[in-house]
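Here come two complexes built around chain A, the first alongside chain B, the second alongside chain C.
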Partner chain A sequence: MHDVVNQLINTTFGWGWPGWLISLISYLLIATLLFLIAPFQMLFLTYFERRAIARMQDRVGPNRVGPEGIFQPMADGVKMFTKEDIVPDSADKWIHLIAPCIVVAPTMFMFAVVPWGPGMVPVDLNIGLLFFFAISSVSAIGLMMAGWASNNKFALIGAMRAVAQMVSYEIPAVLSLLAIVLITGSLSIVDLINYQGGLFISTMDVASVPDFGLGWFIFTPVGFLAFIAFFIAALAEGERTPFDIPEADSEIVAGYMTEYSGMKFGLFYLAQYVLNFLLCAMTAIIFFGGWQGPGVGWLYSLAITPANPEGGWIFNVLSGALGVFYFLAKTYIFFFVMVWVRGAYARLRIDQLMDFGWKFLIPLTLVNIFGATIWVGLTRWGAAEGLAFVEGWSPIMRWAIAFVVTLALNLGTYLYLARIYAESQSERARMDDEVLERLTNVA
Partner chain B sequence: MIKTEELQINIGPQHPSTHGVFRMLVTVDGETITDLKPVFGYLHRNHEQIAEVNTYLQNMPYTDRLDYFNSMANNHAYAIAVEKLAGIEVPERAEYIRVLMVELTRVLNHAGALGFLINDMGAWQTQLAFGMREREKILDLFESASGARLMCNYFRFGGVVRDLPDDFMPRLKDLLVAMPAFIDELERLLRENEILLQRSEGIGILPRDLAIAYSVTGPVLRASGVAYDVRKAEPYSVYDRFDFDVPVGSVGDVYDRILVRIEEMRQSKRIIEQIIEQLPDAQGGHINPKARQNVRPPVGDVYARVESPKGELGFYLVSDGSTKPYRYKVRAPSFINLTPLGDMCRGYKVADVVVILGSIDIVMGEVDR
Partner chain C sequence: MDLLIQIIFGLLAALIIGAAMMVVTVRNIIHSALWLITSFFGVAALYLVLEAEFIAVVQVLVYVGAIAILILFAIMLTRHISSEGERLLTSRWWLTAIVALGLFGAVLLPTLAGQTWNIPLPTGPAGTPAPLSGVEELGREFVGQFLLQFEVAGILLTVALIGAIVIAFEERSRRRRVLTLSEEYTLRQRQQATAAKQAPVATADVAD
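Right after this comes the complex of A and B.
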């Protein structure tokens, strides 16, 4: 953005503005754009979800407001704003007021590091991934505040569940990313995307592979397992079915949101959908190349960049448009999967959720990190690291061996863990002896 | 060890999954239930007292409102009670039509109940929508026969209010052709879904002895391993002419209740197929011409019971020889099946309470009367 604004103001118009002003203008533009995008994404996601679920249930879904009901979210938004804001008498009023803000703010921050297209990242932090997940866990505090300040037992239980769930599922989410970070050697999200050029095989692993923007992590065994673990953890983080336990409507009414109405409730809703969007976006970025896709890299190589100041601005626009299209298409596919799961599955119980996270996902992701180290060793190390015997192999050969070894490791671990986990579950399935004993005593 | 405090929660009377205005006073330690008290009476509407100031026939539409999901079964129980009291004969054809309607009711009740149960487990209404789709087809049939979809008010003393319309049988046959696919679909959904299995296996166990001690009836009792079905134990109407099985569970958990209901739908389909075969040969019309609609039964009392989809539905009537019942009492299966709820829930998690409640399959209109 900085380059484009600079080109426009200083080169085309020749005004000669100082660099700091250019930066300020471009950041203001980006910030405004992002604050507009987030709510509109949320509005569209609610509409998309309602229509998609309706199709699964033999219904039509909202179709009255505007063509095909596309303005239904706007109508809902207006309704939210005009509703009375009810604060319970016994609530802690200030914390009750602040909680939704604390839940919404981090989700907005998280947009700061999300790349939308080639060169289209608001801030290329070198710890982008860390920033993303550190900020996302701040909202757990907001949820706890909401549940506690409401002075409602359902809200309290919901908040307890929310915090327990978010804290436990951040671990497998971050561990699964750690495997990817080991491979890329960087926490920057831009580096992560750049790594995924190529065709089935990343150009960073094997330099001779043609760059079609298709060297996604999902095609490696390590990346595939990490994707599965990450997406499941993302469902739990975003409180989606089958992990929508904190707001289980059939059990604890609406969880921590029970005592909220009007736009405060709307803010929780906004935060949730924006978070879901971001988690889907992250899945697309980390495992499916983000904006990478056929043609984007080539178009971008002709555009105005610091490396290529002689490029044409039309290529900035074209590569950006194509990149954003790929990125959003992937993101929406994942959001559709979330909706699909919601339309098909029931909800797990809180203890089953914890079991699954701690006994299955975390061991799986730990082994996956081990697989990632093998991958790095086999594709990149040499005599300097004490692996002299791999020196003679060709890059493609090294890649193939790494693929087979990690595939065997991950598959074996998955099957073994799945069996152990299934056994531990079936033990509890036909219930504890204690419960049976108690019941027979009553009889 | 951290010292924790127990929390008392009111689940209900206004709650999304209490199936009406029902309240559970739950004591929880963290997420575990330590005590549960069912509290009912919020929907009390003086049903039995009203029945004592109405004539016998005027009560028929009131029985529709007991278990509003299965108005035909309620009609049947009440009609049998009054016929027993007044000594009214029912023509054979009318008996067949009655049983046909009641068995269709059983299918629609179980389809709905399983849908609601999965809804309580947290699925977002997709399965419920599937169950309701099947229910709608049966309700269309009811509408064509009785003129109403829910409050059918179709039975009369000595028969049914009008004969089946001409297009009823072809439509019923179409329905039966599609039914096995629907039942199989529902069963696959329940048996092959890991999450549903985890949520239902070993949850809400009601042991055999306890079930008998609480005089629980219906699918809940049969899931606990007691093969008791009024249709077999004390055949009424023409049930002794049909060949059907009584499905029985082994453990008595939510999963067994689901399986028993699915199997009962299959058995109902079997009965309906036999009715279609036997109905053309049945003697008499749809209503007994000698039966006076304004009955004046002799002095005495009577208890009549049927196997409603939810359990044993009984009517106890006392006549003083006038046109109105002197005493009118309903033995409502939902109400009696609800009493062991506390014992079924203790030791499980908060999330299980709604599932266990859903697996009992109650209708508050019948519980509170």
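Right after this comes the complex of A and C.
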């Protein structure tokens, strides 16, 4: 963006503006674009979810406003804006007002590090992944403020549930990402995507692999386990259905949003859908290569880049369009999976939620980190790091051995943990039974 | 550019100090926790001004994302102390003031006075300077020079974790809990079953 603006102002018009002004203009342009994109994603996703869930429940869904009801979200938006804003009498007015902003702001912040296509990232922070998760944890404070300031028991219970769930599922999410970070050796999201070129094997691990943009982490045992753990944690973080106990409408009305109306309520909804979009996008980026796909790498190598100034601008457009297409297709597939899960599963109880997070996902992701270190050792280390025996193997051989070893480790751990977990759950059920038994005898 | 940085620094410092003042002067304890979060954010921004991106993000992740939330949790779970009208000063506030002033004079003043300020910028090759506090450098130092401190901190945290579990642990069979609807239903069924089992025996006794 900086280059394009610079080209336009200083070369085409010849105004000779200073560099900082050009940077400022380009960042403002990017920010405006992103602020426009985020609400539109939310509008589209609400419509998409309502239609998809309606199909699954043998209904039609919204189909009155516009062709096939595509303007329904707009109509809802107008309704939200024109509704009366009601603040409870005994609410803490200021905190009640600020809370929705604090919930929405982090989700907008997170867009800053999400790459949309090759060379299309707002800011390439060298700690992008960490930034994403640090900022996402801020919205928990907004939820808590909303729940407390409403001065409503349901709202407070909802906020407590939301925060307990977010805090405990952040750990498996971050631990599963740690395995990926160990393999790439970088916290930058752009590096993470560049690593996933190649064909089922990353070009970084084995040099002679053709670049079809298919070296996704999902094809490695470490990446697969991390993906499962991360996606489950993402469902919990985005408060999607099997984990939607913070706003379980059959138990606590609407959780922390109970006392909100009009556009403040709309802001919570906006934050939730934008967060879901971002979590799906992150899943696509981290485990499915983001914009990587057949053809993008080849097109981008012909485009105008810092490494290749004599490229054709048409290839910039083409590679960008194809990259964004791949990225959004993957993201929407994951959002569809979220909707699908919502249509298929019932809500968890809070004790099941906590047990599953702490006793199953966290040990699994910890072992996965161990697997990631084995992977790095077998594919990249040599005599210098103390692994002299791998020196003689060919790159493909090293990759295959790492694959088999980590597969065995992860599969074994999964089976073992699943057995232990089932045992502990049945033990718990037996204990509950005993309590019941005692109560029966007393009665 | 230097002037701009100094203005930003001044604003951030004012924000941090102002928020910290609000933490100790506001009467509502929830408000004071929220002002504390503002102060944490200010410190994170200050790290960004120092170009320590990693530390800034970790500040948000650990202090705002974890510690502040735990503080809020603790306050909200003990609701009666969140009421307004609590006294801000205890009857022995002068003792606290003396201790605080003494510590300030003994520890902070010599440090501030003995510090050489305005260190000239290091003259090196132009271009982007290498990050001083990157993830890799920190990691290497943690398993190298500062291993002992790192391990001690780790042990401290583990001990705190185990202590929290020990305090909160309750033997499951002793726990009194509210029955769910389905459990109540099973309970009633069982009660009826036992009642039905005893009833024929009782009638048989009467018949004899």
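One rule holds in what follows: the second predicted complex is superposed on the first by the 423 of 443 C-alpha atoms of A that agree within 3 Å, B and C clash if a C-alpha of one lies under 4 Å from a C-alpha of the other, contacts with A are read in each partner's own complex, and residues count from 1 in each chain.
By our rule, a contact is a pair of C-beta atoms (placed from the backbone, for glycine too) under 8 Å apart; a residue touches a chain by one contact, two chains touch by 3 or more.
Predicted model only: the values in this text are computed from it and were never measured.
J.: Chain A superposed: clash or fit between chain B and chain C?
T.: Clash: chain B and chain C overlap once superposed on chain A.
J.: With both complexes superposed on chain A, which partner does A:167 reach: first (chain B), second (chain C), both or neither?
T.: second
J.: Kindly classify A:153 by the partners it touches after superposition: chain B alone (first), chain C alone (second), both, or neither?
T.: After superposition on chain A, A:153 lies in contact with chain B alone.
J.: Which partner does A:135 contact after superposing on A: first (chain B), second (chain C), both, neither?
T.: After superposition on chain A, A:135 lies in contact with chain C alone.
J.: Under the stated touch criterion, which partner chain does A:57 make contact with: chain B (first), chain C (second), both, or neither?
T.: first
J.: Once the two complexes are aligned on chain A, which partner has more residues of chain A within touching range, chain B or chain C?
T.: B
J.: Stretches 6-14, 168-176, 186-194 or 204-212 of chain B: which one clashes with chain C?
T.: Here chain B runs into chain C along 204-212, and the other listed stretches stay clear.
J.: Check chain A for residues that touch chain B in one structure and chain C in the other, and list them.
T.: Residues 156, 428, 431-432, 434-436, 439-440, 443, which sit in both footprints.
J.: Give the list of chain B residues in touch with chain A in this complex.
T.: 7-9, 15-17, 28, 31, 118-126, 129, 133, 193, 195-199, 201-203, 205-207, 209-210, 213, 251, 253, 343, 346-354
J.: Enumerate the contact residues on chain A facing chain B in the complex.
T.: Per the touch definition, chain A meets chain B at residues 53, 56-59, 153-154, 156-157, 241-242, 244-245, 248-253, 342-352, 425, 428-432, 434-436, 438-440, 442-443.
J.: Can you name the residues of chain A that touch chain C in the complex?
T.: Spelled out, the residues of chain A in touch with chain C are 92, 95, 125-127, 130-131, 133-135, 137-138, 140-141, 144-145, 148, 156, 160, 163, 167, 170, 187, 428, 431-432, 434-436, 439-440, 443.
J.: Please output the residues of chain C touching chain A within their complex, sorted ascending.
T.: Checking each residue of chain C against chain A gives 30-31, 34, 37, 53-54, 57-58, 60-61, 64-66, 68-69, 72-73, 76, 131, 134-135, 172-173, 175, 177, 183, 186-187, 190-191, 194.
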